[in-house]
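Both of the next two complexes hold subunit A, though its partner changes from subunit B to subunit C.
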Partner chain A sequence: MSAKHMFLKPGFVRAPLQNGIGRYVCQLQRIVLKFCKSNGASRGMRDFIEQDLVDFAKVNPGVVVYLKPRRHRGPVVVAEYLNGDRVWMSVHNKTHAEITKWIEVLRTQQGNNASTRLRKYQYTDHPSIQGPWTPFTHKLPELNTAELPNPAFGANNRLPMSATEQLRLMFEAQKLGEKSDDLKTAE
Partner chain B sequence: MSAAKRVQQWATFARSWHIFDCKWQDPYESANIIKKYLMGLHKPIYHPMNDCGDVVVAINSRDIALRGDEWRTRAYFHHTGYPGGASWTLAWELHNKDPTMIIKKAVYRAMKGNLQRRHTMQRLFIYPGENVPEDVLQNVTNQIRQIRLVPTRLDQIPEEVTKTYPKVMDYPEDYVLK
Partner chain C sequence: MALIRRCVPLFAKVVRIHPVTTQAQKIHRWVAPTLMELKRREKKVGGKKINPRNTFLEWNLEAELYAFAQRLNEDFDSDLLLQAFTDRSYVIKEEMKQKELEFDIKMKDNRELVEIGDQFINAYIQNYLEVVLPKFPMEGVKGVRKFLTSEAILANVSLHLGTKDIILAAEYPVDNFILANTFKAIVGALLDSSGEERAAHFVRDFVITQLQGQDVNEYLPIEDPWSMLTSIVKKDGTTIEPRLIGETGRNTLLACYRVGLYVDKKMVSSGFGESVAIAKEMAAREALKKIFGTEDTMKPINFKLDGIPKPTSQTRYQITAS
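On to the complex of A and B.
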């Protein structure tokens, strides 16, 4: 996350709710093309309006298209979405092909996607199949009934056996002979 | 968030209480262990920005064991802020004044100095002896294992055990025990 992303709204990757499964609801509601009739910066925009705009409006009957000619101002596309988002995009000096692609982007996107900072590039509603960890997973069941503090749970049980203890065990084994299985150790 | 997921969240981030027996333990080694539990470093969900630290109850802090002659050589520094306000207190003096102070300072020093450190320290309870208030003890669900083995003194072992314990050798008849 760099400093220029600090003020973006943080969010996760998400799909619009079931959109496209069964039926598709175009999320773009209104598009306003602002341009100048004489300025060179609006050249691509004027080409788009002359050649493609009628087809665009016919193919997308759910989208309201406005044209707003204005003198000596830069060309701008403003898109408004079903969730209330509004995208303002300058298309200054853009060619006809570029504008066609950008309007396709505006038509197919779900809202103002560029204004969210993605906290992660993946998202899931079910992060764990086994169930998330809790402080009591993999705990000794004996601790549930133990009276704490208890040296049995508090003493270090990873120390190597002492020489004294080893000698004692050897002695016991010698004394017992065959019955060395049920030997009591200090641990 | 559904009701089941909410309860899952509470379970995962539940604060658990641990007890640690300081008897015969080096406070500076123990501090590194206690620190992990206080900050939540022992949990798989640990992240520096989530609040997953646990509570640690340290008992028997009067019976800590310092290495070598550190009781005499280790000094704790304090400055009042006024000219000539510096003072050096030896470890044994500090321990006589407050038996919880050495372990407290050891844990404080073991943690990195940031804004969270003082709040993390609030979750550490230290008691000089075995007596822990009932309302504290009833929360405890886990015991932290000590680092060192607590030695047993010869006079604490019963007479029968000492008598029957196998001997490597016998002293000669004319040997004079001091």
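On to the complex of A and C.
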């Protein structure tokens, strides 16, 4: 994260209102399409309105669609979400296909995702499912009946191998190697 | 001079090799002053002004109400739905206006619907919880119900269903009380227009699912778990025996004791703590969770029960006054 992201709204990856556990609710509540009837920059928007808008409204009855024609102003899409977010998007000179895709993005997202700084890429209410650690958590059951002090349980196996031990192991490996020379196939 | 010129790259290298490393996050020096200036300007204008959404040019109340019902996949009676969204404060404000202009149009507010909805929500959630948590004591069920029907939870649900902009109230943005009341009124309106079962499923899908990820035991305050446990076990005719089964670090700050509870030489539960008394209490809590069927490894609560569930009369553990 750099300093320019400091102004973004921070957030976690969360579904609003446990969406989907009960029933799914489309989070886009209304969409306003602003366009000019004559300007060339609104060409794609006008095509979208002529060809796809009625189908869009039929498929998504839960989204209120408003059309706002304005003279000689650029085409704009404003999407409003159930969590109160508002996304303003200029679609100046965008083609019909591009606008269709952008509106699909607006329909399927759950809020103003583009200007949310994710604090983490994952989220959980329960960081641990095992509970807190105690000294007894992974205790060996054999320890319950062992007589202490006991060299088997008391040995310190956490130290790194000593140089003497390493040399001894190398020596023994060498001896083994000499013995098995006969077994090796000569090249 | 030439000597100095030759030495300059050397010095530069020395400086470059030993940079001052800081762990702190680099926030530019202009960030704080910019934010302060923005806040100062906002204050000068007189605070942030939020225009009510329904005063915008692109606003159609009828379309909004239709979309509201469609979004939730419910069939509302349109008059009832509008009534559910009308708060008392709005009606009072409108009546004052009408008095000035000397005409009279009767408006209905949502007080009746709120009452109907509130009763239904409470009764349904109580029944549902009694079925889903069959062994949990009634005090605990009541605690969970109180949590689910609290103003904060209902207001949050209401807000996320998109009522905020549609509500007809004297103020904007509306407060939690009005949001929660509107949700209750919507349930009341649904009850009248689509019947009990649809309303029940509506409450289940939007209110009861708020239990997802919550620990039910938090809503059952237990002051003395040990005496509660012994009184419950006494009814079964057995006795419970606590045993110290582990201790480390005695007389240190990090002392840890582990106590196991045994019934007929079989371990029921175990708990740990920094003293024997605490460990025993924790073990008793753990045992109570097992008895109530709400241990940490319990199956998730069922959010798919259809219709209005009827709690069967089961032997529920009664909590004696302890």
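Note that the second predicted complex is superposed on the first by the 125 of 187 C-alpha atoms of A that agree within 3 Å, B and C clash if a C-alpha of one lies under 4 Å from a C-alpha of the other, contacts with A are read in each partner's own complex, and residues count from 1 in each chain.
Methods note: a residue touches a chain if its C-beta (ideal position, glycine included) is under 8 Å from a C-beta of that chain, and two chains touch if they have at least 3 such contacts.
Bear in mind the structure is a predicted one, so any value in this text is a computation, not a measurement.
K.L.:
Going by the contact rule set out at the top, does A:His72 touch subunit B (first), subunit C (second), both, or neither?
P.N.:
In the superposed model, A:His72 contacts neither subunit B nor subunit C.
K.L.:
Looking at A:Pro135, would you say it contacts subunit B, subunit C, both, or neither? Reply first, second, both or neither.
P.N.:
both
K.L.:
For A:Leu82, using the defined touch cut-off, is the partner it touches subunit B, subunit C, both, or neither? Pick first, second, both or neither.
P.N.:
Second partner only, subunit C.
K.L.:
Considering only touches as defined above, state whether A:Asn157 meets subunit B (first), subunit C (second), both or neither.
P.N.:
Only subunit B; A:Asn157 stays clear of subunit C.
K.L.:
Applying the document's definition of touch, where does A:Pro149 land relative to subunit B and subunit C: first, second, both, or neither?
P.N.:
A:Pro149 contacts subunit B only, not subunit C.
K.L.:
Go through the superposed model and pick first if A:Lys101 touches only subunit B, second if only subunit C, both, or neither.
P.N.:
Touch status of A:Lys101: no partner.
K.L.:
Who wins on subunit A residues touched, subunit B or subunit C?
P.N.:
Touched residues of subunit A are more numerous for C.
K.L.:
Output check: A:Lys37 vs subunit B and subunit C. Expected answer is one of first, second, both, neither. What do you get?
P.N.:
In the superposition, A:Lys37 touches no partner, neither subunit B nor subunit C.
K.L.:
Name the residues of subunit A shared by its contacts with subunit B and its contacts with subunit C.
P.N.:
Residues 131, 134-136, 139, which sit in both footprints.
K.L.:
What residues on subunit A touch subunit C, complex-wise?
P.N.:
3, 6, 16-18, 21-23, 25-26, 29-30, 32, 61-64, 66, 68, 82-84, 125-126, 129, 131, 134-136, 139
K.L.:
Under the touch definition given earlier, write down the residues of subunit B that touch subunit A in their complex.
P.N.:
It comes out as residues 8, 11-12, 14, 16, 19-21, 43-45, 54, 59, 137, 140-150, 165-166, 168.
K.L.:
Give the list of subunit A residues in touch with subunit B in this complex.
P.N.:
Of all residues in subunit A, those touching subunit B are 131-136, 139, 143, 148-151, 153-159, 167-168, 171.
K.L.:
Considering the complex alone, what residue numbers of subunit C touch subunit A?
P.N.:
Listed in rising order, the residues of subunit C that touch subunit A are 26-28, 31, 57-60, 63-64, 66-68, 70-73, 156-157, 159-162, 164, 204-206, 208-210, 212-213, 246, 248-249, 256, 258, 272, 296, 303.
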